[in-house]
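Each in structure tokens, the structures are laid out below.
Note that subunit A is present in both complexes that follow, paired respectively with subunit B and with subunit C.
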Partner chain A sequence: MINAYASRIWNVLKSFQLTIVLLALLMCLVLFCTLAQVEMGTQGAVNAYMRSFIVWNQPLLLRLPFPGGALVGLLLTINLIAKTIDIKLSWQKSGMWLVHAGLVVLFAGEFIAGMMQVDTNLTIEVGQTVNFVQSYKQMELAVIDVTDPTWDEVYSVPDTLLAKGGAVAIPGTPITLNVKKFYPNAELANLAPGAPPSLANAGVGAGVSIVEKPVVSADNEMNQTSAFVEPVAGGRSYGTWLVSVALGAPQSFTHEGRTYTLAMRLRRQYLPYAFTLKQFRHDVYPGTDIPKNFSSLVQVVNPSRNESREVLIYMNQPLRYEGKTFYQASFGKNDTLSVLSVVENPGWLLPYVSCVLVSIGLLVHFAIVLRRSLKRRQDKKEG
Partner chain B sequence: MAFVQKYLAWGAGVLALLVALIVALPGGKARGFDVSGFGTLPILEGGRVKPLDSLARNSLLAIHSRQGFRHDGRMVGPDEWILDVLFRPQVADQQPIFVIDDPEVISLIGAKQTKNRNYFSFADLSSHLDEVQKQAASAQPISAQKRTRFQSAIVNLFDRVYLYYKLRNTLQLAGSPGLGWELQSLGTPEAALRHQDLTQLAHFRMLPPTTAANPDAWQSVGQALTAANAGGSVHPALVPLAKLNAAYVANDAASFNAALAEMNGVVTTLKPDALGHASNELIFNRAQPFFVGLSIYFVAFLALCISWIYKPEILRPTAYALLFSGAIVHTIGLAARIILQGRPPVTNLYSSAVFVGWGAVILGLIVERMYRKGFGTAVAAAAGFASLIVAQNLGTEGDTMEMMRAVLDSNFWLATHVVTITIGYAGTFLAGSIAIAYALKKHIAPKVDVETDKALADMAYGIICFALFFSFVGTVLGGIWADQSWGRFWGWDPKENGALLIVLWNAIILHARMAGYVRERGTMVMAIFGNIITALSWFGVNMLGVGLHSYGFMDKAFVALTTFCISQAVLMAICYAPARFWVDPSQRKA
Partner chain C sequence: MPNPSIPLHRPSLRPTSSAALLGAGLLLLGLGCSSEQVSHYRVPKESASAPAPMPAMPPTPMGERTGEPSDVPPPPKPKGSLKWSLPKGWSELPGGGMRFATFKTPYAGKLEATVVVLPGPAGGELANVNRWRGQIALPALDEAALAKARTTLKAKVGTVNVYDFTSEGTAKSRMVAGYVATPDGNTWFLKLTGDADPVAKAKADFMTILGSLHLD
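Let's look at the complex of A and B:
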């Protein structure tokens, strides 16, 4: 009985019907994802359609739940493996076997990318030295001990933790932050006379009114994440502060002789090495504004490796360093600011492996087919 | 008899090649002026050095949507037109070259829509320029996708008028006595202001760099006059240019041609390669290989269609020979572009259309060699014709050999990824075209011909395999390029998704066929749907306007694309409908 079910499931898993249905679903998803990018931005659409198991509220097909890219990909991989196992190991099929094995590797690569790839950027001005990369969208509240003028001690609270509210103890310091209110996106304005007072009673926030806004995800938009927090240390409150990405100047308070600044900013990841931008070039074709080349000449200084060298990062020529890939993405401030996109993907080699497997597989398959047809022709002649 | 037929057929092919050659030969002098010699002069515009002729053609295409026009009972070509614009604006202003289709724009400039196409001269428009500029200025901040029909049309008209305005103020300020007078009045109080205007309005730079140290430093007339006005030496090319100007205005062809020789001498001294390169490009421009090619394909297609009802033994080989000649012209054109540009064949949407057509024709020729049913010829001629028509329409947007934006500036990847994926497109289209031929034949042909049907199905199947291979390899290569330049293999960018859709669809067809879910007709219906997928990922993506890959937006093409998709859907239905659906019941009994 169980065997019968198992064999029926196995038959479904290895069936061509499943392959075709899944490929068709994938086509629909790719189409949805492409169209959705206009509204949601590339990253938003990819997360909603490709990196989810179920798309609950897709707008294009009656808002019915639709299997997400992760689910379709997983099933397709199972189908592919089942099929690959099921193909009888014969030399006749070896080419097809290699092709499908290569596809499994390709899917695995995309799965790893989907789960583990981290996209950040490194924004650097000419002459500046930067030792961190920052997120495109995610925020953090940085509590920075600036007492020592030569060294900043940074403690940061990610936005996801702030969103939960309540008390957040800052490890390594005597401070606990009471998160009174958190806004994933908000609009700040000067407090109009006669308006209800701000929740903040310390810093610039006391004179600012705040309105919550819906979260945005398009590529060129940024959430103005804001929060009201009350630092408490040694049983003493230091007032309620408004912290926001929209506020420029840092705000600080002093506890037991140590000065701490509070800043809401894009989430940073500090690196054990630093980049100094020595030169940025933006060449155009003569007599036009058409860009011909962008390049950043950076000095990479890595004390742990006792390394200090110059690297030129330009179009189609990224720097791969310590598991991260830095590529020239954008520029600003009259060509004195360079933006390097940073990608960290532990599975970056898999597509190359897959490519080799599939290519060899196809060549083998064509060779076999060619041989077969030549033989048939020969037989015909002789027969 | 067979011998005669063969030679008759190949004779037709050779005749077509001769016609192509005649088109490429230089035309006569206009009113005694060596206008094509003037068109050969190299200029710097759009970041590259090209003959003035290329600029004239592209500008006339943009303004007039054709490369020549009829005025005062004779044809005016691009080189003669640009001469008038540059040196005799009072003449050029009277030529009705601005084509305006939008009725609201026509009424805005106080005219009535008289014919299907309405042509206006700059003089007609000049009294309404302020209004055009005002309306365009209010429409320009709106993004191209969101403009109304009127707004798009007015912005388009403004751009064309502005282009014309800049052209007539590039070598001399329109209405001034000319370049010779400018050279004489150097140092006078108003001269500096005029030179400033000339510098600002200059659309191209005609004076070759004078120092070898700075090989890209071409100068506009305004820049050179400014330098001379400030006490520098007069640029050596200014003097013959002024002579050309004076001779043309004075209608003195002999002095004009003499000044042209002098100008050529100066250019050759300053920039030895430029003149030769420009004259090669001029020959390419004049030969119009893709226009000639599409004409030959059209004749080949007609010949083949006729062959099904009349004298197949002569007309079918003739059609094949014509297709072959068309392919030769097409190939030469493609090769010339590669050499002139120093780039792989596909660099922009225009060249991808040219290349897709070429791939389809070559594949069709091979298929015809293998099956000899005439269908390969028919489908290849139709596909070549259609894709070159698409290319001709894409080519009206400006210089088709434009410079590559920084991220695309990689000959290696352009040659591998872009070419492979474009061959994939070509294959998918060819399979779809064969399927259409199959569908039409099923309903039109009087008797059931199982053998031909099977041959067509085999062709389509083989080409789908071919297309899957190339589109898959091309997509993976694209991923590798993306990984090399952006650090990620796959970003679900719209263009990548489009390529993936083609791969997936071809894979579905093959799996469905292998598992036996579809047979001959089902495969063909699916192959036609492949046309829709390919067209969407080829052009639809550029209309979305998002992502790293989109470098150009097209608005008019949207209607064309929708029409194409609907027509393919109808053809799918026709293909799926049983043949007897079309047969008259009374005949069926008999």
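Let's look at the complex of A and C:
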């Protein structure tokens, strides 16, 4: 009885019907996800449609539940593996094995990309040297010890940690931050006369009112992430401060002769090397405003490798360096500012491996079928 | 003011086959792998060598809105509000968010004049001036250089500290800023920013505004 059920499930899992249904669902998801990007932005739509098991509450789907990309992808992978296992293990089928193995590698590559790919950007002006990349959306509260005249000690508290609230100890310092309130997105305004006092009693925030706003995910929108934090050191409170991406004014306090600044900002990852932008070019076709070329000439200086060299990064000709890929992505400030999109994906080679496997598999399969066909023809002639 | 960054190429939008997209379906919960620990870096002092770059999609820092209409009501007038007289052709638009007011100028080109008021010393003059310099890609100043860069203007409200900075490079940005503290403890920033040419044309009028500052 159990064997019969297992056999039936196995037959379903390896069936082409299941493949067709899942591919149809996937096509729908790709269509909805593409349409949703208009309102939700690329990342928001991908998270809602492709990286969820069930798509919930989406206006495009009339708020009805729909299988998400994670579920469809998982079932498709199981279907592919079941189908692969079902292929007879023989030289005659080696091409098919290679093709299926290539597809499994492709899925694995996308799995790794989704799990581990980090998208950041490096924004740099002509003549400027930059040694960090920063996130597009994720924030950090930077507690920076600026006491040393040469170095800054940067302690980065990620927004995900702030969102949990409570006490956050800053290792290596005597400071503990009490996160009293966290706003993923908020709007700030000057405090109106007679309005309830701000939660902040130190810094600029004491005169600022804050209103929570829905989180935005569109590509051209940014959350004004904010929080009320109370630094405590040596048993002494340094007051409650409002920290926000919307606050440009610097804020700092001094504990036992060391000065700490507080800044909510896009999350940074500092690099062991630095880029200096020597030249940015924005060429147009003569007599038109149509862009012909965008390029950044950067000096890469890496003391750990005793390296200093010029690199030209231009469209579709990225720089691959130390596990990161730097693409020419944007520009600004009257062509004096260049934005490089930075992608770090440990599985970037897998799609290429997959393509090679699938290509070889198809060639092998073609050769085997051709040989069989020629043999049959030969047999017919002889017969 | 910086140009808005124009997207040219987004690797995240690279053509992807549906087979590849379905791999995204394998992304289970816990995507992003973002660390939830406090990280520590020792880095060369940023302000000493380079200004902080703007992000690819700049946030709207306090008082640095780029002219888009805001759905935030204009901020309330602080006690002892600052007043000014506008030259011919200039008009005042209501502020929004942290911005107290915006001036419409009669000059063409990329140009913006704004008024921001912040409670207290707002981080101090040096830090704010260095922040402004960073916005036009100029290196930070120390106290001595700040004093050199400062000119003063006598107005009814008292002494207004004035700074005039022009960026390097082929397309120059310029910023003229007035910095004044009022007796109620607020700090006021009046800034004229934009491309160097229109700022140069509007500077005389802007200095007239700074000279006319008085308390309500």
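As a working rule, the second predicted complex is superposed on the first by the 345 of 383 C-alpha atoms of A that agree within 3 Å, B and C clash if a C-alpha of one lies under 4 Å from a C-alpha of the other, contacts with A are read in each partner's own complex, and residues count from 1 in each chain.
The working rule: a contact is a pair of C-beta atoms (placed from the backbone, for glycine too) under 8 Å apart; a residue touches a chain by one contact, two chains touch by 3 or more.
Just so we're clear, the structure is a prediction, and the values are computed from it rather than from any experiment.
*Asks:* Applying the touch criterion given at the start, work out whether A:Thr42 contacts subunit B, subunit C, both or neither, answering first, second, both or neither.
*Replies:* After superposing on A, A:Thr42 lies in contact with both subunit B and subunit C.
*Asks:* Answer with first, second, both or neither: which of subunit B and subunit C does A:Leu74 touch in the superposed model?
*Replies:* A:Leu74 sits against subunit C, while subunit B stays out of touch.
*Asks:* By the touch definition at the top of the document, which applies to A:Trp56: first (subunit B), second (subunit C), both, or neither?
*Replies:* Once the two structures are laid over each other on A, A:Trp56 reaches no partner at all.
*Asks:* Using the touch definition from the top, say if A:Trp348 reaches subunit B (first), subunit C (second), both or neither.
*Replies:* It touches subunit B, and subunit C stays clear.
*Asks:* Mind working out whether A:Phe111 is in touch with subunit B, subunit C, both or neither, as first, second, both or neither?
*Replies:* The second partner, subunit C, only.
*Asks:* State whether A:Trp10 touches subunit B only (first), subunit C only (second), both chains, or neither.
*Replies:* So A:Trp10 meets neither subunit B nor subunit C here.
*Asks:* If you stack the two complexes on chain A, which partner ends up touching A:Thr288: first (subunit B), second (subunit C), both, or neither?
*Replies:* In the superposition, A:Thr288 touches subunit B alone.
*Asks:* With both structures placed on chain A, which of the two partners, subunit B or subunit C, ends up touching more residues of subunit A?
*Replies:* C
*Asks:* According to the stated criteria, A:Thr34 is in contact with first (subunit B), second (subunit C), both, or neither; which is it?
*Replies:* A:Thr34 contacts subunit B only, not subunit C.
*Asks:* Once the complexes are superposed, what residues of subunit A are shared between the subunit B interface and the subunit C interface?
*Replies:* The overlap between the subunit B and subunit C interfaces on subunit A comprises residues 23, 26-27, 30, 42, 46, 50, 106, 109-110, 113, 119, 219, 291, 294, 315-316, 325, 327, 329, 341, 343, 351.
*Asks:* Please give the residue numbers of subunit A that touch subunit B in the complex, ascending.
*Replies:* 16-17, 19-20, 23-24, 26-27, 30-31, 33-35, 37-38, 42, 45-46, 50, 106, 109-110, 113, 117, 119, 219, 284-288, 290-294, 315-318, 325-327, 329, 341-343, 345, 348, 351-352, 354-355, 358-359, 362
*Asks:* What does subunit A use to touch subunit C in their complex?
*Replies:* So the residues of subunit A touching subunit C come out as 22-23, 26-27, 29-30, 42-43, 46-47, 50-51, 68-74, 76-77, 103, 106-111, 113-116, 118-119, 121, 123-132, 134, 136, 138, 146, 148-158, 160-161, 168-172, 187-193, 203-204, 206-208, 219-220, 222, 224, 245-252, 266, 270, 291, 294, 315-316, 325, 327-337, 339, 341, 343, 351.
*Asks:* Using the touch definition from the top, list the residues of subunit B that touch subunit A in their complex.
*Replies:* So the residues of subunit B in touch with subunit A come to 44-48, 204-205, 216-218, 402-403, 405-407, 409-410, 413, 469, 472-473, 476, 479-481, 483-494, 497-498, 500-501, 504-505, 507-508, 511-512, 514-515, 517, 541, 544-547.
*Asks:* Would you tell me which residues of subunit C are touching subunit A in their complex?
*Replies:* Going by the criterion above, the answer is residues 2-13, 18-28, 30-31, 33-46, 48-51, 53-57, 59-64, 72-73, 75-76, 78-79, 97-98, 100, 117-120, 122-124, 127-128, 131, 137, 167-171, 173, 186, 195.
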